[in-house]
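These notes concern the structure reproduced below.
Chain IDs A, B, C and D follow the sequence of writing; residue 1 opens each chain.
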Amino acid sequence: MIYSRKVFFYETDAQGIVHHSNYPRYFEEARGYFLEKNNFPYERVRKELNLEVVLTGLNIEYKKFLEFGDTFNIKLSPKKLNKYFFSFNYDVFNQNKILICKGKTTHCFVKSENKKIISIPEIFANILK
Amino acid sequence: MIYSRKVFFYETDAQGIVHHSNYPRYFEEARGYFLEKNNFPYERVRKELNLEVVLTGLNIEYKKFLEFGDTFNIKLSPKKLNKYFFSFNYDVFNQNKILICKGKTTHCFVKSENKKIISIPEIFANILK
Amino acid sequence: MIYSRKVFFYETDAQGIVHHSNYPRYFEEARGYFLEKNNFPYERVRKELNLEVVLTGLNIEYKKFLEFGDTFNIKLSPKKLNKYFFSFNYDVFNQNKILICKGKTTHCFVKSENKKIISIPEIFANILK
Amino acid sequence: MIYSRKVFFYETDAQGIVHHSNYPRYFEEARGYFLEKNNFPYERVRKELNLEVVLTGLNIEYKKFLEFGDTFNIKLSPKKLNKYFFSFNYDVFNQNKILICKGKTTHCFVKSENKKIISIPEIFANILK
């Protein structure tokens, strides 16, 4: 699955490039898009299941940078790690197919009311396949 | 009252200056500092009174800009407008006493559970004086 | 002209709503979209004309709020004010056509190398019509 | 070295906690503080040496979360990796000495004009010791 959009000007910094702290946000956008395409938008996770997805690990290797005017494309690969944890891998390319960075995030589900970890809901485990 | 800190690098943009969308955030920081200095930190508003302060109006005139390496000083002036609404005026200066911008925000209190507007709590009205 | 997208989760705050400081960013996105639709993307302003557009005034009246899961639609209206300054008005609606806020930004052009104000380039004045 | 400050409200998200994308920004603040305490503020790197420090790797393990009202303390440990690369390790604690997260960033110097990597300047290598 590919998520794509143009860089916003406010995401750049005084080095003239996209500030590195925006990539975790791009990854979140890509996950949101993934859930939506699988008919399971994150707002449903929150409102219907009273669950939240928390992020437990973040890893990014920056290879090149994005500038204002660029469009990025994120290739997203989900993976179930075990009963509780799942991950996404991200390959971020610019419009010229140059690899900008590689990322990985790890997540689990928690109950909204007490933030206790629970096993991955079956409906979601099916989406990860 | 003066709130002051250095500009963070991630607040700059590709024009080499602090992005304009950070000033509403600086104002919020200054309000938080004001509440703290008056022994009424905003987390108490939220947890003890079950209230939230919402922002209903924002106005900024930008005169000059801040760059990375600058320190800003915000002169904050609170004002009760009527039974429900209050405002803050902000004068933002850099370390050389150059006026960077002038701002104003308008606010009211709402109940956390239903977001209904309520009159300004007396304890807070006293702080605004 | 209408610019539209879904709210990103990272744009929400602990009140459960989109933080007010994101609206100036939404306005910037809408301006970028406007320039693009007029075949004059902002990166061309910067690279070909060696000009920058700076923001000199910002005004927002917040009526309602956006939550995660919402889609916003921004109606953008540009206006030439005089030889140097131009403005945009913004009406932000959610997916149910509820008015969320009204905004206005004022701008001028400056030379990239010295940040000196210059009169609005004719090519851009034509777009504003 | 310890860098410390209160969480800002705008850094929270609709889960009621500090959004994970703010931690790379906290790390950047801590590095800026480190450079300043060593009489080598980053603005001097940029203006006097015409160099920039770029971030090539980011790694965060999230253990607990920060909420609005919390103060964080970041223990920063710099390390020279080789002729070109250096890293910082971060341990983030809240005001109750609870470990919130552990992070690591990797960096190198590039020339401002062409973004080419150069070996770590001696003045900076001395600070890393």
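Quick notes on this one:
FYI, contacts are C-beta pairs under 8 Å (C-beta built on N, C-alpha and C of every residue); 3 or more make two chains touch, one makes a residue touch a chain.
Being a predicted model, the structure only gives us computed values, none of them experimental.
Chain centres were defined as the mean of their Cα atoms; on that basis the chain farthest from chain B turns out to be A. Taking B-C and B-D together, the chain pair joined by more C-beta contacts is B-C. The geometric centre of chain B is 26 Å away from that of chain D, both derived from CA atoms. For the pair chain C and chain D, the distance between C-alpha centroids works out to 32 Å. For the pair chain B and chain C, the distance between mean C-alpha positions equals 22 Å.
Across the assembly, chain D contributes residues 9-10, 21, 25, 28, 68 that each touch 2 or more other chains. Across the complex, chain B is touched by residues 15, 20-22, 24-25, 28, 52, 54-62, 65 of chain C. By the touch criterion stated above, chain A contacts chain B in their complex at residues 9-10, 12-14, 16-17, 19, 21, 67-68.
Note for the complex: chain A touches chain C at residues 6, 8-10, 25, 28-29, 32, 41-43, 46-47, 68-69.
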